[in-house]
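One chain, chain A, appears in both complexes that follow, with chain B as partner in the first and chain C in the second.
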Partner chain A sequence: MELTKGKISTFQFFTMLFLSRTLTTVTYLSSYTENIRLSDMLIQPIFRIGIGIVIMLPLYLLYRSSTSENLLDMTIRKSKILARIISLVYVIFFFYFTVVTIARLDLFAGTIVFPETDMTYILIFAIILCCYGAFLGFETLGRSSVLSAVFVIPALIFIMLTLTKKVDFLNLTPIFYNGVDSVLKVSVDSVGQTVEYAIIALALPRVKGNIKKGFFIWLVSQTFLMAVMFFFACTVMGNFASTQLFPFHTLASLAEFAMFGRLDAIFTSVWIMCAFIKAGLLIYLQSDILTTYFGKLKRTTYIIAIGFLTIIGNILISGQIKRFTFVDNSMIKIVLTFITVVVTPLIVLVFRRKEKKKCEKQL
Partner chain B sequence: MRKAIIGVLVILLSVFIFNENEIYRKDIRNRLVIQGIGIDMNDNGSYSVTIQAIDTNAQSAASSDDASQPPLKTFKTEGNTIYTALKSVTELEGKVPLYSQNRVIILGKSITEENMDDVIDFFVRDVENSSSVCIAAAEKTAGEILEAKNGDEYISARNIETAINSNEFDGRIFRLQLYELINRYNSSTKDFALPMLSVVEKDKEKSVEIIGTAVFNNTRYREKISKGETVFLNMLYNTINNSALSYDYEDGKKVSLNIVGAETKRKIVMKDGMPSFKITIKLKADIAEITGGVSAKMEVKELDKINSTGEEYIKTESTKLINKMYNGYNSDALGLARLIYINEKNFFKENEKNLDSVLQKSNYEVEVNLEIRRIGHEFVV
Partner chain C sequence: MSENWFDRKIDEITIKDNNSTEKRFVDTDLQKNMIYVKQQFGDAFDVKYRKYNASGKKVYFVMVDGMCDSLLATEQVILPIIEADFSDESGDKLIYSAADRVSASIDKAITNDIDEAIREAIYGSILMLTEDSHFVVMFGVQGFPKRAVLEPSTEMQERGSREAFVESFKDNVTMIRRRVRSPVFKTQIVEVGNTTKTRACVCYMSDRVDKKMLESVVERLKSSTLDTVLGSGYLQPFLDTKYPSIFSGVGFTERPDVLTAKISEGKVCIIVDGTPNALIVPYLFVEHFYSLDDYLKRPYYATFIRVLKIVSFLFSVFLPGLYVAICTFHQEIIPETMIFGITGQESRTPLPVMFEALLIHLIYEIVREGGLRMPKSVGHAISIVGALVIGESAVTAGILSAPMLIVVGLTAVSSFVVSTLYEPVAILRFTFIIVGGISGLYGIMLCFSAVLINASAINPYGVPFTSPLSPTKMGAFRDLVFRVGWKTMGKRRMQVNKLEK
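The block that comes next holds the complex of A and B.
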């Protein structure tokens, strides 16, 4: 029952995760950081790296000896029911993030791109496209990620470079003006926004190559990207950034190059590409877990079912800002991340230790 | 499976594109392309909004030669809020306003003197508004600026925007875009400066001119400074790129410099418990003109004199402006309070509520470093 139906390289895997996390960064909502000063947002990524490393320790201990099977495979040997419960938790977590990812895209498109338009068709269209990505499979998503990264990374660098003329260091604020607590809180929030830790927990056996190196490069690169984007948002827009729903989109709209203004169109395409990869990957993982651990139906059927439920979920949220703020809740994300990335691997780790001790006693 | 998915996507795309009630509901033909918005307040407390928009009906009838300067129309509407006033233009024209092409927002004296807080939110909240739109203050009413005609044609908002954006080449103009205004608006002192516009009539021809810079204290208009003073405001604020500057360097001799590069560094140190600001202005300039006849040679001594008198002149004028700003107008349009906030956060926390008096009592030192780059065709000994 192993999830090893085709492996991708470390480079492809972490590129996929990089794009997935990039989407969370670029769709950053300023409402998450009401009590934090701008320069603290530049410090926050450093805290994030520390928290990221700490919460990944149980997974590191779990996969230290072998990455040939994932934590669900390890559990199923001990208890089939427990394995199913854990797999269901992951499915719920990934489904929740799929809905939130599309909901943010919907909020963006519905507020900024097509403010006058009913988003239903666009939503259905986007979700079917993501389901198609999931249907094509893990390897295809990995390859598409590398291709997308060839556009996404230079596009982001280009936008940032065009903004250098508008940088004003006077827009920075004193560090820790409101104390360290608020910075820590935002850092934990930011970790909670990172579904990729849970993806690593489950998909690691599908990756070949030097995982440790790949993980650290991924962690540092996405944190660096976040720091650079916050740097430009803070120094170019100053306090104006906190008045904007999607500050990074506003930042891109201020970018100019020669006779070309408003580079937010490039930014929007980055956003759409990353959303396709992220939602496609999440739907794929849900379908794969359901096929592997619940069995009875084909993967395609699960994809269609997940796609259908995602459409229903997003239609219910679309155009309802109260529902969106209720669903896109940082506390829900933190709790789910903690369960899937810390608690679950620890449970499996305890089982493994007991099993090991039992074997040693028998010997 | 693949064919089925592609089929569904094609159907959805077709529905999406051809559904007239959706994305194309507000066709461009049904939109009023706004070029400039002027806001004034009436005596009864309602807003009077003047809109300058492209006259699409006249444009389609116009010849292709006029394509660069589209025919314009103005509308005057009223409402209790900016939004309701703008929205009511639909009743007059039968078209829905499109703000994304708006070039300039002009605030009349009735707004800048008292009611800025109530008008600014709309321009930040409405997603169609560009964050980089230029903001200007009118000497009298915003309406007269957008309704001003030269002959039969309106003076376009596009031309006003071009004039404001010429601050890149002319230091006598101060520019503030919407995102910069909100940034200053949300700062501790809420002080800023805006270019000031006025309708000028010469020989029966009207034109809209930038007559100086409006200085604000705590979001209220305080005073206007001249275009000559604006050069020093730009120097002190580090927003000067290119400008002309002239001064007397010898009896009866005047020199004109073309500033080609500038950098201002502002530092703060605490002296006897009060902030002391050191502002260093570095300028690179070419000599563009010297009055008093043409000479074959220019002595190095003369060049030194031009340099030293130039430095002294800029220092004196900049110091005068600083005094005027802090002691005369009580305004931190130079943004020096921000330096206290960044570098002396404890002092800032203690004095956040009386920053005006702190800035009045602070010490200011201006240092100028003028470097003459070229002297033109003239020969130097």
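The block that comes next holds the complex of A and C.
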């Protein structure tokens, strides 16, 4: 299809990743940080940047060796079977995050917005729309992410601005109150929830422009957003935040502007727009991997199949908090992220080095 | 025979288009030619055949009465030919000589394709056939009735010109020529419609148009598989994005000054004979919020008007849906001072808010459509029925609530501020009402995201519909929501092909 091939700009790509990461930030669950004080979360993004840069090193080295290929393209020349195994790992990883993204939306809607409503049809509707987004392709997703950002960023700024008069610095507690270990653990957890690194690993060759600059701005901006969000959550709500399932939603519901209260509707809008882009992108990547490296069926068929499996996965989780807690597990995410972002690129890197040495010897 | 059941059903009631491209040449036997011409026209009462002797040679004139200016045909074509001396000429030589005898102010063309000659005769040319010749000469003496140039009816401007396109494409091209006194303005004629052979005139400026885009436009027009083309709207789907979308990447205008502005940005416009509207490709989303008045007024006021248009567009799309969603699911958003009034009013109506909104919007669309198609003299009656009977009485009777009526009123007025987007806006409004009534703000946001991505997919000529917002072109921001003054814009003009991904 004319719309799927071709490159997108760095700005569009990192905007897409920014929205994807914003979703992870705004859907932050208090259950992740049971043993940590919220004030420590202000310092956590800085640790996160450090860890993020370190784990991205293999990917960076791989990208430097060839800017026009992703790691799967590099592997397929060496071994078709290995390329297929790696691509399958990525598909599972992206599928898992698609299910979790929709499941969080479902949990939020099912427990906070419409506690008495059966969410199944909204869930199906949402997944169908995400599949539609994936069907339209990478370029279209890139373009629409910039348009979505035009709504998302001002909406978040507006919510924060309306909360400024409710900031109480007495709610801040000394940082590292429970030691450095817990902050480090939360930072690792947070990195584990970052599917964007794996997206970078696969999609970077389809991005044109100054990638280093784009990556740096993305890293700083998402860290800044996290810090600001946690700052407001901490100073406005204090310890009350840790009693809330979705603390940032509670924070937004405390926002007031003139005679309008309960600005959580705006927050929900931000959430949905980001979820749409993120899930659409993940489904697209899965279908793209399957078409390129398995390629027996059309991309549309793969999208329908992935959509169908996502619906089934989410229906199984919907309304079952135990199942959700099991699936949305930090350890699973950390392991999967480690495999896709560190282990796999390292394997490919070793292969490439060997190949290079072999070539040099032959010369 | 088609395999598909639905295709077979279509085959039962349709016939294949007559798209035979076989050429029929002029025969040296005049009688044969005349028999063929008469066969083609049949018993048409308005086709005149006149037989003369020109210096002893048999000459036939064929013309369609009503399409030709009879006086011009007689005085400038027939008389000079029959009075001329052709004693030394015959056959092809006579045809060429006759063409030379006719005044230079008359369009002349010679062809050996008899079907082409017949098509020209239908369009107001007078044909001359003679013995032993392989050619027909055609004289353009068109004199069919046409509408005078009037004021625009849908694109009113306060300070712009008062001219609008008419049905005759030649007059429309003339209106553009008057505005562009430069040879860079070029036109190219493409015939569309297998039966109607309608002329589509592709207009562009050769020094700035993207050649690939121009080729693509001409190619798409040529490949349009239509039997009849009675308006520019017939060609719109062929020029638009291949991907189904609620928005269109093809714009239209009835103003020659707007068309001139568009081609000066490197766009391609298509004027279709018989339609007082020209098509513009590629057409961007932001252009729906521009008008010529923006450039004729002070920049700060133009900016204000553009903001107003954006707000009106958002009102016309979202207001009813949001009202339904908030009243049904998110009452906490409504300020305390308003909630009692709205709840009180809504509780007195028999229908749920969503159905109430659907009903009133449906009634509004019926009234609007009725008002559009009715004679102007009856239009006032429609307004009275709409305002008093449906509006006031329905509220008094407790069928509709007053806040809902306010929402509809505001939506209706807002939707006409950006009139070129009326079609998608009307459909989206209904969609958002239904989605808002079923799944609240959730559904609305999901649907909005889908609409955004749908609009982002439009990219028929390599220039995305959402450009210059996405892909972001900072240079274009000087004339987006804010417009800088002419002194700052200076000689630099926008180039549409530079807005590509």
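Definition applied: the second predicted complex is superposed on the first by the 358 of 363 C-alpha atoms of A that agree within 3 Å, B and C clash if a C-alpha of one lies under 4 Å from a C-alpha of the other, contacts with A are read in each partner's own complex, and residues count from 1 in each chain.
The rule is short, and it goes like this: contacts are C-beta pairs under 8 Å (C-beta built on N, C-alpha and C of every residue); 3 or more make two chains touch, one makes a residue touch a chain.
Only a predicted model underlies this, so the values are computations on that prediction, with no experimental measurement involved.
**Student:** Quick check for you: in the superposed arrangement, does A:Glu355 touch first (chain B), second (chain C), both or neither?
**Tutor:** A:Glu355: touches no partner chain.
**Student:** Can A:Ser9 be said to touch chain B (first), chain C (second), both, or neither?
**Tutor:** Only chain C is touched by A:Ser9; chain B is not.
**Student:** Is A:Gly280 touching anything from chain B or chain C once the two structures are fitted on A? First, second, both or neither.
**Tutor:** Touch status of A:Gly280: second partner only.
**Student:** Where does A:Asp181 make contact in the superposed view: on chain B (first), on chain C (second), on both, or on neither?
**Tutor:** neither
**Student:** Mind working out whether A:Thr250 is in touch with chain B, chain C, both or neither, as first, second, both or neither?
**Tutor:** first
**Student:** Looking at the overlay, does A:Phe240 come into contact with chain B only (first), chain C only (second), both, or neither?
**Tutor:** First partner only.
**Student:** Could you say whether A:Tyr132 touches chain B, chain C, both of them, or neither, answering first, second, both or neither?
**Tutor:** both
**Student:** Where does A:Thr173 make contact in the superposed view: on chain B (first), on chain C (second), on both, or on neither?
**Tutor:** first
**Student:** Which residues form the common part of the chain A surface touched by chain B and by chain C?
**Tutor:** Chain A residues touching both partners: 114, 121-122, 125, 129, 132, 261-262.
**Student:** Can you list the chain B residues touching chain A in their complex?
**Tutor:** Touch residues, chain B against chain A: 1-2, 5, 8-9, 12-13, 15-16, 19, 22-23, 25-26, 124, 127-128, 130-132, 179-180, 182-183, 185-187, 335, 338-339, 341-342, 345, 348.
**Student:** What residues of chain C sit close enough to touch chain A in their complex?
**Tutor:** 242-243, 329-330, 332-333, 335-337, 439-443, 445-450, 452-457, 459, 464, 466, 469-472, 501
**Student:** Given the complex with chain C, which residues does chain A contribute to the contact?
**Tutor:** Where chain A meets chain C, its residues are 2-3, 6, 8-9, 11-12, 109, 113-114, 121-122, 125-126, 129, 132-133, 136-137, 139-148, 150, 259-262, 265, 268-269, 272-273, 276-277, 280.
**Student:** Inside the complex, what are the residues of chain A that reach chain B?
**Tutor:** 111-112, 114-118, 121-122, 124-125, 128-129, 131-132, 135, 170-174, 177, 237-240, 242-244, 250, 253-254, 261-262, 300
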